Structures are given as C-alpha cells and as structure tokens.
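After this come two complexes, each holding chain A, first together with chain B and then together with chain C.
Moving on, here comes the complex of A and B:
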C-alpha cells in the first residue's frame, strides 16, 4: 500500500535533529502503548504485516502530524475492534469514566 | 527554526491508552506483570550495548567476523542476543571504500536484539525521506564527513530483514581488550550515521 508512510525520497521534511541522550520512552503513555501492543501481539491474532497495515491506514495528514506510538495505538485499536476483542462503545465509555475519575 | 520531532500527543491519546490498557487487563487479555516486564526489558536490558559486544568480538576474532558476515542471526545468537525483531539479521561491513547506512523508509524496522528500540529520529519523516536521496547531507547532520571516494550504500530495512553495520575499527586500538573496544562502539555507528569513537578523544 502506498500512502503517507511511504516516505523514501520525499522532499521538504527539514533537518533530522537527533536528540542527545534520548530516553527509551519519553512519557508514561508511550511505555504503556508499547507494552500493550507487544503483549496483545502474543495472542497471534495478527502478524507484523497486519499491524503495519493498521498503523498505515491512518488518515495521511494525521499520520504525518502524530508521533510514532500514536501510530501504534491507532493500529492496535483498529485490530482490537476488527478481531472483536473490544467494541467502540466500550472504549468510549472507559475513556469518559477515566476522564471523570481524573477530574475528582 | 528548531522543530522537535517528538510532537505532543493528540488530546485523547493518553486517555485512549489508559482506557485500552484498563479494558485489556480487566478482560485478562494482558497480564500487568507481563507489561511491566516488557517495559523493563526494553528500558534496561536490550540496547546498543548488546550490538557493541558483537562488533568488538568481530574486530578481535576473525573467525567470528566471518560467521557474522555469513550468517549474522546465528553469529549474534552465539552471544545470547536473539528474538523479537531480530529473527533475520544481516551485518554490513564498513571499509575504506564502502560506508553502509541503514534506514526503514516505510516505518521503523530496526534490529531490536542488538540495538534496542529505535530513537525518535530514526522513525522520523526527515530521516526516512532523506537518507535514501541525500545520504551525504544526512551524514553531515550527524557530523560524519566521509571522503568523496567512499561509496555510501543505504539499506532499506523490511519487516523481515534487519541490518546492523559493522563499523571500522579505529586506529590505535591494537592493545585494547574486547570490553574496552565495545566502549568505542556507539549506537549510531551500528546504524551507519556515526563512526566508532576514537580512543584518544574518548579518553
């Protein structure tokens, strides 16, 4: 599939700016996103190609403006829905529950 | 303009990750202890120090180096490094004539068992876009200047094959032990966006 992820040879992205002494993860949510993605992978309901395809299915402008683990989470959510592990409503409900809890 | 490639997440992202984790744990699809173990493994155990040991052994043991170039996956496994995202490894030897450099233009394929998880810049659009059309300029951004006569070979990783560069052994390191040599091998030197450290400048 070609798409926004197919970046080889594209112009206009500017300098690379490597970060000095970069940590493995920058924020706690990245740790969690990484771990749940790997752990769910061990159920063998999908393979690496399917995960990649799910990540790359992101809307192109969104793909380019979001960070790496956001691609992962987008892909994971899609596969969880597709394989019937979770439903959209469940996820929305849990998100509002957690948001409400965090406000108190 | 200094543009940092570690963008802030979308407003809902953090919440979404929490919701997914909480649901998956509740349904016993993931085990919290496994999650913590995975994070700890990749934060503290698997990293470029592994690859540096492979390189140092390759520099000191010609038979090992040959095995590394013939069948990297097996040679790397001899040191106990194997598994996820390193199932099919290829080692690329840098020489005076050829400098190898690794990218994954489509995504972020990277040899986890020897280098750990990739840095943000490796997964970023600028590196993925530019390394294949203008590697010399990319190398300059990493402060690597190579002679015009050196051929730069860029290798685009795939989900199957993962590359690691065997950097050139620095001059003046004849008397160093394997462990001291490993200290000279940086992560970037094994991606090909750096060179092994000069023992003089390091000391």
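Moving on, here comes the complex of A and C:
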C-alpha cells in the first residue's frame, strides 16, 4: 500500500544521526513491546508479512509522528482485535485500570 | 511451527525465520538482463517501493526462491518466486538534476514486479 511507511524519496526529515553506543531499547516498554509481539507471533495466527501490513495500516499522520515500537504496538493491537484475542472494550478497560493505578 | 515454550526462546530468536523456499521454480531473468519495474499501486502489502516503480534497471544477481510477501500478507499462502537484486542508476530513480547521477541503488525485487525490457 502507498502508506506513510514508504518514505524513500521524501524530503524534509533531516539527516540520519546514528547514536553512539545506541541501546537496544530506549524505554522499558519497548522491551515489552518486542517480547509480546514475538510471543504472540508464536501462536501462528498471522505471519511476518501480515504484521508488517498491520503496521503500515496506521493512519499516516499518526505513523509519521510516532516511534518504531509504537508502530509495533499498533500493528499488534490491530492483529489481536482482528483475530479475536482481544476486544476494543477490553483494551479500553485495561487502559482505564492502569490510568487509575497510576493516579494512586 | 509448534508452541513457543520458554526453553526454546533463545534458540528460536537466535535462528530467526527465513523466507527462503526450497522449491524448484524457473527463473524468468538472469544477471545482466534489462528490466522495467511495474507501476503497481496495490492497497495490500508490497515490497516494491514507490520510488522504484516504472523504472529501468539491470538484474545484478538472483538470490533464489523466496515466499512472495504480497500474497503471504494477504492470504498466508506461501508462493515461491525468484528474488533478484536489481541495479538502478540514481539518474533513473531521481531524475536528471540529481547530484550524483552515476550512483547506483540495488533493490531486492520479486520477479512479478519486473517486466523484460531493452
């Protein structure tokens, strides 16, 4: 698909500046995003190309303003909903629970 | 693939997954052949980038037979296709005013993205 992921040839993003001694994960949640994505992949309800397509399906403006592992989580969420592992309500409920916990 | 148990995690991660298929598929192209990429705009997954559509290039090498991702993403079916490294000049991809027209770009492309040319 002609999505926001197909960046080749686009101007205006500035230079690529590789970090010195870049860590594998910049945030603890990225480590979990990676692990959960791989663990769910082992259910074999989808394949690598399907998970790439799920990431590409992100709304273009959102895709360009979010990080690599946010794309992963978006793709995983989409697949979990599509394949019936989770419902939208369950995700919303869990987010509310976590938000409530963080307030206390 | 079987269920991923904790004792197999290290092994599976180290090995990774290969999309190579052990299938005999006849190759339409060989190194040195001139090709033109198709101008396709599928709504599904594709690995032919927009900047490399409707461009002339030369087959550099044949990597062998791999799962064609466009179909794999849509239906899960593993259809084998030859995957080639295709060489394009910067001038062909980016136009006449490009700063380094003789620079070369090599892109791995599946056979069904390519038409015979030249």
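In this section, the second predicted complex is superposed on the first by the 104 of 104 C-alpha atoms of A that agree within 3 Å, B and C clash if a C-alpha of one lies under 4 Å from a C-alpha of the other, contacts with A are read in each partner's own complex, and residues count from 1 in each chain.
One rule holds for everything that comes next: a contact is a pair of C-beta atoms (placed from the backbone, for glycine too) under 8 Å apart; a residue touches a chain by one contact, two chains touch by 3 or more.
Predicted model only: the values in this text are computed from it and were never measured.
Engineer: Now for A:19: first (chain B), second (chain C), both, or neither, which partner does it touch?
Structural biologist: first
Engineer: Check the contacts made with chain A and report whether chain B or chain C touches more of its residues.
Structural biologist: Touching more of chain A: B.
Engineer: With both complexes superposed on chain A, which partner does A:48 reach: first (chain B), second (chain C), both or neither?
Structural biologist: both
Engineer: So, does A:6 touch the first partner chain B, the second partner chain C, both, or neither?
Structural biologist: In the superposition, A:6 contacts both chain B and chain C.
Engineer: After lining up the shared chain so the two structures overlap, which partner does A:38 touch, if you call chain B first and chain C second: first, second, both or neither?
Structural biologist: both
Engineer: Can you give me the overlap between the chain B contact set and the chain C contact set on chain A?
Structural biologist: 6, 8-9, 38-39, 48-49, 52, 56
Engineer: Once bound in the complex, which stretches of chain A touch chain B?
Structural biologist: 5-11, 13-19, 22, 24-27, 29, 31-36, 38-40, 43, 48-49, 52, 55-56, 64-70, 73, 76-77, 80, 85-86, 90-91, 94-95, 98-99
Engineer: Which bits of chain A are touching chain C when the two form their complex?
Structural biologist: 1-2, 6, 8-9, 38-39, 42, 44, 46-50, 52-53, 56
Engineer: In the complex, go through chain B and note every residue touching chain A.
Structural biologist: 1-7, 9-10, 12-24, 27, 29-31, 34-36, 38-39, 42-43, 47, 84, 103, 105-108, 116-117, 119-121, 123-130, 132-133, 138, 141-142, 156, 159, 188, 193
Engineer: Give every residue of chain C touching chain A within the complex, in rising order.
Structural biologist: 1, 3-4, 12-13, 17, 19, 41-46, 49-52, 67, 69-70, 72-73, 76, 93-94
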